[in-house]
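First subunit A sits with subunit B, and in the next complex the same chain sits with subunit C.
Here is the complex of A and B:
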C-alpha cells in the first residue's frame, strides 16, 4: 500500500500525538487485563485485607468444577446458535434487499435500526414479547400446544437469549453482507445469467463464494460478540437462570466476581475466556482464511 | 448458426431519455457485424438488448427466426464476451469454461471434450487448472473467448473485448478473434469505439451516433463514401478534413482558392467539403492549387502529416516524408476525391461516389 510518510521535525511531537490513544489502551485495557492475570494467581479475603499467592489453584478448581464445565458447553451452544442465526438471517435480508432497486434504501435503514438499540433494551424488549403472562408470543405458542415458560424451563430461557442476542446482531451482519453483495461485479452476474444460471443458482455458485471474505470476517466478529458483548442481554432477561441454564462464561465471570466476590476465580475465568477467544481467532485466521481466498 | 434481425428497436429510459431510437439491422448467418460509435451512442445498450440484459422498450429482436424480446438471456442461444472479461474469480479456468455447460446439464464426458477442444483452439490447455488471477490480460481474454465458444451458440456478442489490453496485444487478439470467427462461422456482433478495430474486423460496419444509425456498410464503402459528416470524421485516421466551400457552377471556392471540379459538382451554393488527408498532394507548378500555410508536422514514419490552414480553415494532409517543406505551400486534390455534404443536415450529397468505393471488399482468406 502506498502510504504517505510524514516527517516530524520535533522528535517529541509524534509521541505526544500518540499519547492519548496509548493512555486509553493502557489504562482501560492493558492494566485491567494485567490485573486480572495477576489476581487469578492470588486469593484475596472478601474485605481486601490480605492477599495470598496460590499459583494455579483457581484454574485447577475451575476444571474440576462441573458448573464451570457446564457453562463452557452452554457458551459453545449459545455462540454457535447466535452466530449461525444472525448470519443466516443477515445474509437472507441482504440478498433480498440486493434485488430491490428503488426501495432498497428504506429497507436498509429499517433493517439497521436494531443495531442502535442498547443491548439491555433489546433484552427487555424480547423479555416482554416472551413474557409468560402478558407476552404476545407465548399466547400464540400456547395455541400450538407449547407452554412457554422461560422462568422455569432452561431450554426456553436459552432460546430467549439466543433470539435476543441474534436479533441485535442481524443488522450488523446484514450491512456487511449487503455491501459484499453490492461489490460483486454486475458483469459476473450477467455472464452467469447468459451461462444459463438462474437467480438461486447464481446466488449459491457466484455471489456466495465471492462473499467468503466477508463471511469469514463476520464469523470472527460474531463469535467475539457472543462471547463478550452479550452480558447485558443475559443480565436483563434471565439473569443467568433458571438454575444457571443461561449462565454463559462472561455472565459467570460477573456472578462469581461481583456478586460472589470471589475475585481470584473470576479473574481466572476471564483469563480463560480471553485465551479461548484468542485461540478461536488464531484458528480461524490460520485455517479458515486459507480457504476464503480466490 | 443463425441470422439476427433487429427491427425498429428502441431503448427509452424512465424520464424519456432515448438511448437507442428505431434501429434496424439485418444480420445474415455467419456475418461479422461491428457496432461502432463514440461513447454514449447506444452501441452497448443495443448489444445488451440483443443479449437480453436490457429490456427492449420498442421493436423486435429475432435470433434464428424466433422473437426473443421476452426470452431470458440463457435461452437466447448466445454467448457474450465482456469488456472486463467477467471471469468467475473463484473458479479455475476449466470450471469457468464448463460452468455454462454444467448449468445446462451437459454430460461430464462431453463437457470434458468441449473444454479440451476450446482450450486447444485458444492455446490455453496448460492453464486449465489455474485461477483467473494467475493469468495475464491476454490469457484472461482467451479464457473469456473460450467460455463463449464451448457453448457453440448461435451468435457471439462482444462488448469492447479488447479495450483492457495494451496496444500490441490488442492487434494480435484482434487477428485471433477474426480468425476464430471465420473458422467457426458464427454470427457475431462486436461493439467498439475504436474505428481501426471496426474497420479491420467487420464484414459490415454499423456507425451509430446519438442512438441512431448513421451508416451501415462494408468497411471500404463506409471509408470511401461516408454517409454524413459524422461518419466522415469518425472513420479513418487522421479524420477526414471538413471545410466550408462554395460551389459556383463547376468551380469550388475554398476560402481564397478556386478548384475546377470537372463535372463532379453535385449541387450549387454552400456545402461542406470533405477530403481525406492522403488524397491531398503537393501541387505541380502548372495546376490549380490551394494556398497552404504550414503550422506543424507529425511524423508517422511511412507518412508525414502536415497540419496547417487554407484561408482560415484547418487542413491536414498526408505526404511523403521526402517532400521538402516550406512555410507556404500549394496543395492540390483530384476533383473525384472530394466529398460533398449538406451544410444543414450533414448528409452526403448524392451524385458523386469516388471510384474506390466500387472496389469489392477483400474476400476473407482462411
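Here is the complex of A and C:
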C-alpha cells in the first residue's frame, strides 16, 4: 500500500475533524445498537414499568420457534433469488448498452430510473400490476392457465416480492456493471477479436473474469439490500402474508416489536440480524481486499 | 437585523400569551378520511364552545400505529393527554396501570357528571374493570352486520327484501346467485378474525377463551377450536372450493369491500361503520342491511354480537389543568346531540341511550332503514359470559395468527380443525408471554 500519509502538526486537529462523524455514529448507530443488545436480555411490558433480566431466554425461544427458523430460511431464499435475478438482468442490460454507440446514454438514463422510485412506491406499483381482481398480469396469466392468487398462494406472494425487490435493484447493478465493462481494456478485446474470437466468447473469457471484483462487491451489496432494505416492499405488497409466506427476518422484527410490542424478542431478533450483517461485511472486506486476481 | 430580532421576540411573546389563554389538550387518533374530518369538526366545535381549553387532534395512522406511537411517547415522557385505542388494545392498556388515568376517576376528581348507566350496557360491559368502573371513554363502537346487494338478489330470482337469516340460507342463496349467473360469488367477509371467529363464538354462546373470555385475568387460555368454529371454518373452505365464498384478505379484509362494491360478491359482512362507505360506493345498486346469520341447529335464539371500534384513554403525567380540559371535553363528547351526530354520520353505534333516543325522536331510523340493525343486534337478549366480548393481552398478534391459519386452511395446507388447533396453540404461547411480562 502506497497511500499518501497526511501529517497533522496539531495533535488534536484530526480528532476534531473526526468528531462530527463519530458523534453521528455514536448517537445513531452505537447507542441504539447497545440499547437493542440490552433489551434483548430483558423482558419488559410495553410501557416500560417493569423490566426483568431474563438472560438468553429470548434467543433460546427464537431458535426453538419454527416460525423464526422458517423466516430465516425464507430470507435466505429471498436474498439469493433477488440477488441472482437483479444481477443477471443488470449484467445483461449493461452488456447490451455497452455495445451501443450513440443511444447508450438514453438507455442508461431510462434503466437508472427505477432506482429513483421509493421502495414503497415500487411495491405499490407491482401490487397494482399483480392485483388479483383488477391487475393486468393476472389477466394475462389466466389465459395461460395460471390462476394468480398471491393473497392465498405463498409461492405466488414470494414471486411477487422477489420481482418487486429485484426490479428496483437492477438499475444499481446495471450502473456498476456498465462502469466495469467500460473499464475493460479495449486492447485486450481487440487482440482477442484479431485472434478470431466472437463477441460472446470475448464476453465470457475476457469481460466477465475482469468484472469479478465488481460482481463480488455487488453480490454483498445486493444480499444486504434484500435483507434490510426490502421492508417497504414487503409491507406495501403482501404484509408478510399469506400465512407468513413472505415474512422475512426484518419484517418479523417489525411485526413482533412494532405491532406486537414484544420488545425483548424483537430486540433479540435485531441483534441476530446485526450479527448476520457483521458477518457479511467481514466476508466482504476480507475478500474484496484480497480480491480476485487478474 | 435588530428589526428581525424584535419581530421574533414579539412572535414568541404573542404565542406565549395565546398558549396561556387556552390550555392545550392533545388528542391522538386513528381516524383517516371522512371519519377524520368529522372528528376534527367535533374538536373544533368544542373549541369554539368555550375559550379555556383547546383540543388539538393529531392523526397518527392506523390503530396499531397510534397505540405504538402513544406507548413510545409515554416512555419518552412526550405522551398526549388523550389517545384513541382500538378494542384489541384494551388488554394492553388495562394492564398498564401506571400509565392510565381511569376515566371514572378523572371525571370524579374534576367534578364532572359521569354516570355509567347512561351508556349502552354492552359498551360499558366491555370497557369497565371487574368492579364496573369505566376505564376509558367509549367513543366509536361498532359491531359487524351483513350487507347484501338487492339487485343481484332480484336477478337470481330471490326476494330482495328477504336477507338470509341462517348460514344454511346464506349457502342456499349463494348457490342460487352463482348458478344463475347473477354474480360471480355469493359471499365475502371483512375481518375473518373479528366477524367469523370472535363474533361467531359470541352469537352461538360458545367461549372464545377461558376465564370469561379473558375478562377474569391474564391466566386465560384460548378455546376457540371447538366443534362450532371448526364446522364454520370448514364450511367457508367448502364454499370457497365451490366458488360461493371469496376471501377478502387478512386483517380488515380490504378486498371484501371492493368485491362487494364491484358487484362481484352479493353478500359481505363488515363493521356497522362500513355503512357510510357502502352507501357512498353502491351507486349502481341498492344495498340491503341485515343482522349476522347463525346456525339454527346450534342455537335457537342467537346471542348479542360483540363490540369493535375504539375508546379514548387518558394518559398519566400531565398538568392538572390539562385534565380539567379533558374532563370538560369528555362531557361535551357524551352529549346526546354530539353522539347522535357522530353515530348517524359514521355508522358507529350510539354510545349512550340518550343519543339513541334522540335519533329515534329525529326519525333518523325510520328515514334510514337498516341503520338500527347494529344497535338491535348488539343489545338483543341477555349477554352471557361468552357474548360479553373478548379481552386478551397481545391480541393484535393473536389476530394475525388467526388470519395466518385461516389462509393456511384456504391454501389446502391444513383442515379447519388443524388450523384452529394451531391458532389456539400459538395464541396461548403469546398469552403466557403477556402473563409473564405483566406479573413481574
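Simple rule for what comes next: the second predicted complex is superposed on the first by the 267 of 294 C-alpha atoms of A that agree within 3 Å, B and C clash if a C-alpha of one lies under 4 Å from a C-alpha of the other, contacts with A are read in each partner's own complex, and residues count from 1 in each chain.
What we mean here is this: a residue touches a chain if its C-beta (ideal position, glycine included) is under 8 Å from a C-beta of that chain, and two chains touch if they have at least 3 such contacts.
The shown structure was predicted, so the numbers you read here are calculated from the model rather than taken from an experiment.
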item	value
Room on subunit A for both subunit B and subunit C (clash or fit)	fit
Touched partner set for A:92, first subunit B, second subunit C, both or neither	neither
First, second, both or neither for A:206, with subunit B first and subunit C second	first
Touched partner set for A:133, first subunit B, second subunit C, both or neither	second
More subunit A residues in contact [subunit B versus subunit C]	C
First, second, both or neither for A:195, with subunit B first and subunit C second	first
Touched partner set for A:187, first subunit B, second subunit C, both or neither	first
After fitting on chain A: smallest Cα gap, subunit B-subunit C, Å	51
Intersection of subunit A interface sets (partners subunit B, subunit C)	none
Complex contact set, residues of subunit A against subunit B	185, 187-188, 190-198, 201, 205-206, 209-210, 212, 294
In the complex, subunit C residues that touch subunit A	64, 67-68, 71, 74-75, 92, 95-96, 98-99, 247, 249-251, 255, 258-259, 262, 264, 394, 396-397, 400, 403-405, 407-408, 410-411, 413, 430, 433, 436-438, 440
Subunit C partner contacts - residues on subunit A that touch it in the complex	43-50, 52, 132-133, 151-154, 239, 241-244, 255-256, 258-262
Residues on subunit B engaged by subunit A in the complex (per definition of touch)	51-53, 72-74, 78-80, 82-84, 86, 88-90, 99-100, 103-104, 131, 133, 147, 151
